[in-house]
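Going by the order they are written in, the chains are A, B, C and D; count residues from 1 in each one.
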């Protein structure tokens, strides 16, 4: 697949066009079988598998939760595992999706019902290249409490002045809590706005990044921040959180050196290389 | 053992009949040596061993605690390990029990003195196929505090509007805290009612499920929920628990996809397959 | 070493006599080289090594802390490792001590400076066969707070109505906190009284048992109880601890079946057998 | 490299002289390529690698954080890994630095931008032989709260009457929080004063020692102390911390026997020997 073809596709993909016009039609796509953007970069696939295993190894996901990445050949496609526990995902589990959450070539594999979290965030946020959805334990309290999450140190500067909270009841009433269609995914993406992550009341969080390492590292340090903040609040004194200007400085300086250092470690541990 | 025989047995087992008439007579059964329902499905035995090891690997049980499953050929029999640490249970440790807690063929193996938790729950609740008893650490506080356990997220929707608490003192006064006879087991089962689990004051919890994966997964997510709720309360703000209607929706939608995803992972980790 | 010899020694050991008369003279003993009670039961040595490794594996000891057992041939001798991290103790590290804390045959090995915790408890408490000293993390708060430790469940019934706290300042003023002579050890043993364990302010705890499994299991469940009680208190409601009569019933019934079940597991894990 | 040469260098190193005169000139040094003090003791290098792995294994550092040691041949040089995760540092990663944070022979390796924490502490504190910088989770709350850290037991006596807190805003205003130049490093070292460690607001901590084992062990026990103090405060009662006179006695007595015992264990675990 040559560079010129890739460019054409990524500038004006049929799916993205339909979406921009408000005609996202998952059912039709499912029947039509959307065309593939072609084989993704094998290194990207390995990164995606490493991300699955890293999140599991750090307790950010257990058997639930998922991570995705935009296709390197087409920004209107993303890649995500079939509905298996992230710890045991292999290359054969990786499914290509349109931004409507329609699989390109399902081959009988089971799908994450919440793929619309990913699809709708990719639609709404062209800057996002990777998305993680998880239920990491220390983050849950901040999604159900009126005490806001705040950055306790530079490693979690991406929290900025706090994170929005998506409450599925606001647009969907009483549900089984799953973001299992484009409407719910769209409402979630709207609540996310231009933040790095959005807490989900009674559920978990969706975390974004400009690459797989960013989305994975932010997921991990969001959990660490939450655990530390819980402890700091438990001390009972007054707390000095990171100043918003300090948080901005951290991000402008490259945000923890782009997480290159942990990613070298995590990928190596995950892939046994 | 043919299907017709199984049906006859499961519709009108001698033991269940005696119990329903109030003549449960463990001593007599012990002398009579109850007949076996026949060899259980080997896959069910493997599931039961995997359940033992999974609960140990997740810190839900240590050397104490146990898990059982109804016999697949006879609903008036259940299978449970001999009195060993769950982490080291093997097929040779699996004992078949009547619903009076009488072993079919003990062969000198040591018995869990609290097998009556299982026996009496199976008697009282035909819908229950598997039972776990454990002392998982974050759950204990909710059994001794007047602060009720509540579901913090969809993964623990089975908590519903809370869980009943069994206090052994209510029917037995000062004891060694063990549910070591049918009277105590019956009182526990009565307190359980139609809930998914019952906390045990100063002791632990009994968790039920419509299959081994349900009972195991609920045991794990009950512990996770308790740990998260403890942290959420520690934040000091107001908390929004799962709405009862949301909890119902989760259960009606299949309760976390039937826990198929974690079970694939856990069984594989437990059995090394 | 015949039974009659053992009896003579254990009824009237020179060391114990000296101590009972108030003439405990470690220096003199060190010069005199006390005679050995003979080789201990090899299974007891293996149990002692397993105890060292089990306590380390459970985080009850790190590189500090120690466990001892009375010599099976002479109640006026006890066995304890040389001053190494418990995780790496081997048979060659086991030193035989008198109840004055004098080594029988040191052979250049380094000694725990706090062997007097063990020696003086053995002197004061003929019923004690094994002693653990540790700094397990959740127990420390209860030794420095005016909030008393209490049993949250049957597994820690040995806490009874609470545990005494030894404050080294009471008899020794400002020190380096170490119980490194018979006077401090004696004061600790006096504070212990007939309890199962004594907390040590700003330091740790000394735990006793009628066997190695009892001392090890109580050390582990004391830590678990402390961690659970910390959480229960964090809930902010009122707490129902184990009733003293219930605690007594648990102990009279054999205290968690004599910890046979965990000991089978722990020894196997520790010794790789 | 003979002893006489080493002495000359360490008494009057060109770099240290420049610094003492206020002419620290990293840029010039970078161009001049400072001369090496010669190959360090291979055992010291192994200790440094073991320190990296031990800190990672104990969760004191994750992919971030670093440990250094003064060169054994020249007190105006120190050794520290290239900018990699401590868990995977090897001998080839060890870089020799001047006390201005200038590498002697970089060979294209990436540098920790916060090497100035180490450099400036070595400049200011001739007694310090090893420095650890980390973000260990339980310590962070005490750097952002007005509740001071205090020693809960003898293992953390090095905390003394508390630890200073360095706030980068005091001298540098709004920053990316990194101590990435000599001015910030100097302000940190000034705040450290003659303490054993200095908390860093919204960031982490810098810990010193008279040897690698001291700096590593203090880092570990500082985290343990913080976690225990958090729990003790959570009990809600009054707390008796180590008396300053007791803390002094512990240090004067050799501070936990010089941490020889944990170091034997940790080095062995880290190096697989």
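We adopt the following convention: a residue touches a chain if its C-beta (ideal position, glycine included) is under 8 Å from a C-beta of that chain, and two chains touch if they have at least 3 such contacts.
Small disclaimer: the values here were computed from a predicted structure and weren't measured.
Asker: Compare the two sides of the chain A and chain D interface and say whether they are made mostly of the same residue numbers, over half shared, or of different ones.
Answerer: Different, since under half the interface numbering is common to both chains.
Asker: Between chain A and chain B, what is the separation of their C-alpha centroids in Å?
Answerer: The answer is 36 Å.
Asker: Centre to centre, by mean C-alpha position, how many angstrom separate chain B and chain D?
Answerer: About 51 Å, centre to centre.
Asker: Mind pulling the chain C residues that touch 2 or more other chains?
Answerer: Those would be 234.
Asker: Should the pattern of chain-chain touching be classed as line, ring, star, complete or other?
Answerer: Contact pattern: a closed ring, each chain touching exactly two others.
Asker: Chain B touches which residues of chain A in the complex?
Answerer: My answer: residues 62-64, 83-85, 87-88, 113, 135, 137-138, 140-142, 144-147, 169, 174-178, 201-204, 230, 233-234.
Asker: Tell me, which parts of chain C touch chain B in their complex?
Answerer: Going by the criterion above, the answer is residues 151-155, 157, 224, 227-228, 231-232, 234-243, 245-246, 249-250, 252-253, 256-257, 261-262, 264-266, 268.
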